[in-house]
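Shared between the two complexes below is subunit A, which has subunit B as its partner in the first and subunit C in the second.
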Partner chain A sequence: MALITASNLNFRYPLSTSWTINDVSLSIEAGTSVGIVGESGSGKSTIIRLLSGLLTAQEGEVTIDGRNLNEWSKESPRELRRFGQLVFQSPRRSFDPRMRLARALSEPIRALEKRIPNADELGSWMTRVGLSPSLLGRYPHQLSGGQLQRVSLARAMSIGPKVLYADEPTSSLDVSVQAQVLNLLMELRTDLGLTLVLVTHDLAVVGRMCERIIVMREGRVVEEGTTGDILINPKHEYTVGLVEAAKAVSLKLTK
Partner chain B sequence: MSESNPTVNAKQTRTALANRSGATKSPQLILGIILTGFVVAITIISFFWTPYDPVGIDVESRLTPPNLSHWFGTDRLGRDLFSQIMVGSQNTLYVALVSTGVGLLLGTSLGLAAAGSGQRWGAVFTRISDIGIALPSILIALVLATTLGPGRLSVIVAISFWFVPVTARVVVGPARQILALDFVEAAMTHGRSRLYIVFRQVVPNIGPIVIVQTSMMFAAAILIEASLSFLGVGAQPPTTSWGKIMMDSQPLVQQAPYYSLLPGAFIVITVLGFNLIGDGLAVLLDPQQSKKGVV
Partner chain C sequence: MLEIKNFRISIAGKTLVKINHLAAEPGERLGLVGESGSGKTLTVLSILGLLPSMMDVEGSIIFDGKELVGSPENVLAKIRGRDIAMVFQDPSRSLNPTMKIGRQVGETLHLHTDLSKSAIKQKVIELMKSVQLPDPEKLYTRYPHELSGGQQQRVMIAMAIACKPKLLIADEPTTALDVTVQQGILKLILQLSKENDMAVIFVSHNLGVVQAVSERIAVMNSGEIVEIGPTSTILDSPSATYTKELIGANPSIPDAQELNRLLGTRFPTDRGD
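Up next, the complex of A and B:
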């Protein structure tokens, strides 16, 4: 059975007049990595907020590990938070500027496991993501974007989630740093046996990182399948366009 | 990457954590503490000792300019001006501190609550605070003076009545902006409650705004107290305050300029001292402004 399923989700933000997420159904198997692609505003960030329980759909149902998400979230929100963690697009904005990294990194453990991790534990997380533990005394503005996104990964992994939702985790980083962070993400995924849901608008990234692809457009899922199928033989005209565009870009770059 | 370090170095981690007392010395803060400390010291001393009896009238020597026996000269009734200023500071500081404290606590709490609640409550809050801001505190004080009687309490209530909505309005916008930031959403995914987020993340991040607001309120309170005393609503004789002394001196500005300049100077020193402390704290508490940082 699929780990995460959504059936006929409809969602709109408080002031919007049409559905932001329009009749979306999908399923994600345990241990796989799934890429969600689509143009800006297609609802990618919204759908992972719905799947992770940060937002609640007006219609439809999300089940996680066989349990109804809304019920789970009411009964034991902390357990739900431990099950799935998020990594955000901008590491700069996802760290409180007034919290030192040691504190920021320990937040999930403090809040969800109700204990204060010691310096060794925090230090080993820093090392795990390729950073020196000596950075823990710094404030977020004293780190580079790439370093900060590594801390962000460590922060999400520190409570041992089963699912990691990553919302364009590299799009705010320099190209040279993007690959490093993606490699780290791959490594953590295989080591920890994570299910990864990766939002991106970069088809090349999905091609490398993901087994399956979900293509979104205007709040709907327009195509879903294995990475190979979709990249080689896209069915929906929108996906065809996306793949062509990606090829054109990579051709330009290789020339 | 140069930062990567394959071995877990616990000692390194601990020194990094211990290094947090990066409190760079702030000259503003020190000057502010000196000025405020001077005024507070004078106030405390005035409870036990003044050079002359502050209410001892001596019509013979009225309006004597500053000299060796009366350092600040005498007032229109021949009372020693320095003793008057010393004693007057009690009332002035009391009114300013209490009304600023009330405005700060209630105003900030209300503002945070409004920011954290939904749009409908936010709109209701805006209406109510607009009314509060529009009502002039002088008017409220006059009304209160007829019900509670003139004096300290009426003045404090009147000033606070204005400070609370003003502070709430100053706080609500920035608090809303902070609540919309990614790190707030991140904190929610890390299992933090809204209440925790408001106190641990919103309050520190609006801290500088609150500090500036506090020093402005403190200055405003001293000035409002002065005008209320002038209208006869504030300090009642024989109690005095700096505002009252200044008001008494108004008609005699030409004849005895020191009479209004000296209490004025005390108001300026206090307000300045308080503002310097506020600025100094704002710099000290902002990790991005402290130049040294923790490296």
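Up next, the complex of A and C:
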């Protein structure tokens, strides 16, 4: 059974005259890694905010693990937060600049489990994402972007979510750091049996990280399929153009 | 045409960039690649004399037979925009939000030519056509926020090529743009370079993008050029360890064969689907 389903979602931001998400239906199987690709303004970030419950659609329904998202959100919001966590594009903007990392990392556990994690627990998360526990006493500005994104991943993982929604998690990082963070994400996904929903504009990243791809344009899903379907044999005219454009600027090596 | 020799940028005695030799021929497209902080942008800003005043510059940058390092501001101001032009990463921050597009494109022509107002307008519309902006007469009176990111970057390029510069410096010109728009801008830069025999220094962290436009590539790391050579040599048989690592870290779109391999290793879980 699909873990996440969306049926006929329509969503518009306040004051907007047009639908940002226009009649979107999709389903995501448990344990898979699914990439949502598209250009700026295609609605890919909005859709994961709708699926994770950060935004509520005006029309249509989202079900998570068989439960209606809106009802779940009203009945036990903590449990819902615990089920799905988000990681955002800019790690700098995802941390309170005045909060030491130990405190920032412990926030989800404090909020959702109502307990204060000890230094060993926090330290083990830092180690898990390849960082020294000694960094816990630092402030966000004292870490590099790649290090901070690792802490975001640790923070998201610390409460044991089933689904991780990652919104362009490596777009603000340097290419070598990007590779390290993506490898870490894959490792965590396999080890913890996560369902990964990855939003990105980068087809090379999605080609290496995801089994399935959903292509969005102007608030609609234009094509959906396995990574091979989309990257090798795209059907929809828009996908064909997108894949061609991405290949034109993708690194080509003869060996 | 451009030769940088024994060049050093430092701040409070600490060296940020050190280049023994880097040269570009007329009409040549040179890619400058490296990660953030490797000194790519500092290097190209120093060509235009745009470094912050707290930075010290030593050595020599010769452009068209003239020494740029230590040249007075009025000499550099004449070169900027006329002989050497620059396109930056984020067009929305590079355009003046309170000035209409037509006037902004015409500014360099006002500064560097004696053309009349009406002749400038004519020329601006031609320029806007040459960068393939739709309906130039209409866009002439629009403000930057009314244009898409790709259109704004085309406006930046129109401004840059207004005086037919000998050298165009493009610093991550497509990083802020969508991939389909990116391809259009790269094609445009390539075409303008070929038509006008304009040299281009193309700065980017994205090797795929640099490969699409450059004939030669210089790889920078920690303020130094670690390797320089023809694009195919650098990418297919790099000699510096850093270049190899950089290539390894650049993800390419997997082909069918690679996808099969990935499916076998990355997604081995048999869920029966």
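For this structure, a couple of remarks:
The definition used in the following text is that the second predicted complex is superposed on the first by the 250 of 255 C-alpha atoms of A that agree within 3 Å, B and C clash if a C-alpha of one lies under 4 Å from a C-alpha of the other, contacts with A are read in each partner's own complex, and residues count from 1 in each chain.
In this text, a residue touches a chain if its C-beta (ideal position, glycine included) is under 8 Å from a C-beta of that chain, and two chains touch if they have at least 3 such contacts.
Predicted, not measured: the structure shown is a model, and the values here were computed from it.
With subunit A as the common reference, subunit B sits beside subunit C without any clash. Between the C-alpha centres of subunit B and subunit C, as viewed from that of subunit A after superposition on chain A, lies an angle of 80 degrees, to the nearest 10. When the shared chain is aligned, subunit C comes close enough to touch A:31, but subunit B does not.
Residue contacts after overlaying the shared chain place A:1 against neither subunit B nor subunit C.
Once chain A of one complex is fitted onto chain A of the other, the partner contacts of A:249 are limited to subunit C, with no touch recorded for subunit B.
In the superposed model, A:186 makes contact with subunit C only, not with subunit B.
Of all C-alpha pairs linking subunit B and subunit C after the chain A fit, the shortest spans 14 Å. When the two complexes are superposed on chain A, none of the residues of subunit A touches both subunit B and subunit C. Those residues of subunit C that touch subunit A in the shared complex are 35-36, 149, 174, 178-183, 186, 205-209, 211-212, 232, 235-236, 245-256, 259, 262-263, 266-267, 269, 271, 273.
Partner subunit C is touched in their complex by these residues of subunit A: 29, 31-33, 39-40, 174-176, 178-179, 182, 186, 201-205, 207-209, 211, 227-228, 231-232, 241-243, 245-255. Subunit B makes touch with subunit A in their complex at residues 1, 3-10, 12-20, 119, 181-183, 185-192, 196, 201, 204-205, 285-288, 293-295.
Subunit A meets subunit B in the complex at residues 14, 52, 54, 77-78, 81-82, 85-86, 88-90, 93-100, 102, 107-108, 111-112, 119-120, 122-124, 126-127, 130-139, 141-142, 147, 155, 180.
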